[in-house]
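Chain nomenclature is as follows: A, B, C, D, E and F, assigned in order of appearance, with residue numbering initiated at 1 for each chain independently.
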Amino acid sequence: MEEEWDEGGPEVVKRFMYVNRKAPYGTVYALEMLEKVLIAAAFEQDVHVVFMDDGVYQLKKEQETKAINMKNFSPTFRALEGYDVEKLYVEKESLEARGLTVDDLVVPVEVLSSEELKGLMDKQEVILTA
Amino acid sequence: MKFGILVNEGPFQHQASDSAYLFAKAALEKGHEIYRVFFYYDGVNNANKLSEPQADDRDLVKLWSALAEEYKVDLVVCVAAALRRGIKDDILAPGFRISGLGQLIESGIQADRQITFGD
Amino acid sequence: MLLHTVNKSPFERNSLESCLRVAEDGAGVLLIEDGVYAAMDNTQVSDLIKKRMGNVKFYVLGPDVDARGLGNQSMIDGVESVDYAGFVDLVEKHSATQAWV
Amino acid sequence: MEEEWDEGGPEVVKRFMYVNRKAPYGTVYALEMLEKVLIAAAFEQDVHVVFMDDGVYQLKKEQETKAINMKNFSPTFRALEGYDVEKLYVEKESLEARGLTVDDLVVPVEVLSSEELKGLMDKQEVILTA
Amino acid sequence: MLLHTVNKSPFERNSLESCLRVAEDGAGVLLIEDGVYAAMDNTQVSDLIKKRMGNVKFYVLGPDVDARGLGNQSMIDGVESVDYAGFVDLVEKHSATQAWV
Amino acid sequence: MKFGILVNEGPFQHQASDSAYLFAKAALEKGHEIYRVFFYYDGVNNANKLSEPQADDRDLVKLWSALAEEYKVDLVVCVAAALRRGIKDDILAPGFRISGLGQLIESGIQADRQITFGD
């Protein structure tokens, strides 16, 4: 990846937002989105990760994937802090619709109402969804 | 203006890749620059040169290759996504190159606007 | 009687709703993959299943429930959990299977 | 395809139902489903084709795909009759929800309420959806 | 102000609804691919757009409307049709684009 | 009992192929017969032998091949869908064969139950 550092240059810092709206395992989007988040962090960008709609299910505790033969990637969320990815947001309305609270989630997050999320999204320079 | 484009789906199953191609073409024809098209997830299947659509249908792999040649567009296939899906150099269509996910972030940094096409 | 399989989240798509619109009384509905979220109690969509409980038989694929961390969440009363072997039995005992993909 | 006739044998006739629930062009399912319908007809099976949810949009008249560079497959629906595929059903509720009537459709169809559809589905031996 | 693109049918998925929940007044929403069905008048979901008309600016991608045979259907008043060149202009004039894929 | 299975999605992007594999395995372990697994749409990508998943992840292409070998399961890739998506004999994994869509209809006729796994 070194040549990328030379080309792109980490000196430019942009506000990147990752919007996670898909449940885990049913599709691969959650897993491969995490890889994109980690890379942006490695490029020292200002990374914001939003979980809304079924995306909040990605953070659900106690995932046990052995019986479906798939890799349990939920521990990766706990590793995000080590990469300085600390701006994790969960939409309040999505959480409530699913009968969940922050206690059900594997990592500490900031809970924002859709109204508060509006303002945060509007400030972003690059928004990646899947 | 410089645009960066992310394509998350392969040809055929979803319209995403068609839309991305037509967007890129329209931008170039208006005199804009495409900084990079990055193919992620099943999007890496756009680079499979073995693809042979029906004679009366569009051929997205060839269309992307032609766009790359005419306008010198940088078409980058994510190496990790491609490995999983069996897209290797042996079957890579002209104009595409395989590289790291960092190229997507770089696109986000360098382009004036970054836009996603997906499922 | 048909077995219907639903693999989509009821929050994201209309699959379960459409399935239940045409599922006959006595039919079986098996929730798999992201479809299992519909079996959870106390959500905004729990009523979809509760309204048909009693005339349609609801099943949920346990391995998909566990994968999503829902093993200890409260499930709607009357939904039966099966494993893959149970899934096979359900397909066998119903006349045909319709997948709401 | 001749060896398939020998193996499978067209002498067994089963009730096949194809359930179309996806809009055209946004995904390929509508197009490739049509190919499956035609093959079943060639095997002289008892073919039923149902259009419900966004699947009813597959039959919308006046599709003009030139500007999106995709093949317009809606004329194929008019060819179905020539392959003796004549049992086409549209769910009334889906049609109405979209503000459409049978006059908007490229082929004659039988309109069934969800209640009527229930009985028809229950009689099928093979149901293929996408 | 953001440009939001929505490519999913409002009958099948919750994308447009979620988009409108977090779209600020003054934002643009461009309907493409199967998203264009939301722009049609006299459907069960027409109100989704009508309720935000006036504070959000709605656009629809003409080529996707025509492909789906909707060229002569009545569109919700105030939705503006653009072609691919117009799509490019919209991305250019908004600060960033969010795709509700 | 004889089961026929239809797989509409490739590995990775959707869980469909995982579910189909686990269903097939469970049926075989219970002593049932799988008449045929038919791969259609992006499902044909399950047969790409170039696929290399991460070391700690499951490898569906290899799992299907192993199932075919152990239980003599007939894995059929639709020729029309495969041509479009660039799945050719050169890159076909062991245990898969490419054939016509008629094989799906035949599966529906011959199997006692036909079941679909898709998006």
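To be clear about the criterion, contacts are C-beta pairs under 8 Å (C-beta built on N, C-alpha and C of every residue); 3 or more make two chains touch, one makes a residue touch a chain.
Fair warning: this is a prediction, and the values are worked out from it, not measured in the lab.
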item	value
Both-way neighbours, i.e. chains that touch chain C and touch chain B	A, D, E, F
Same or different contact residues where chain F meets its copy chain B, judged by the half mark	same
Farthest chain (mean CA position) relative to chain E	F
Reference chain D; chain at largest CA-centroid distance	A
Distance between the centres, which are taken as Cα means, of chain F and chain B, whole angstrom	28
Between chain D and chain C, distance of the C-alpha-averaged centres to the nearest whole Å	26
Between chain D and chain B, distance of the C-alpha-averaged centres to the nearest whole Å	33
Per-residue multi-chain contacts in chain C, two or more chains	7, 11-12, 14, 33-34, 63, 83, 96-97, 99, 101
Junction residues of chain A, two or more chains touched	25-28, 53, 68, 70, 125-127, 129-130
Sequence positions of chain B contacting 2 or more other chains	8, 12-13, 15, 19, 22, 41, 54, 57, 80, 114, 116, 118
Pairs of chains in contact (touch as defined earlier), listed by label	A-B, A-C, A-E, A-F, B-D, B-E, B-F, C-D, C-E, C-F, D-E, D-F
Residues of chain A that touch chain E when the two form their complex	19, 21, 52-53, 91, 93, 114, 117-119, 121-122, 124-127, 129-130
Chain E residues touching chain D - in the complex, by the definition given at the top	7-9, 11-12, 33-34, 37, 40-45, 62-64, 66-72, 83
Contact footprint of chain D on chain B as seen in their complex	12-15, 18-19, 21-22, 54, 56-58
Touching residues on chain E, where the partner in the complex is chain A	1-2, 14, 18, 21-24, 27, 95-101
Touch list for chain A against partner chain F, complex	25-28, 68-71
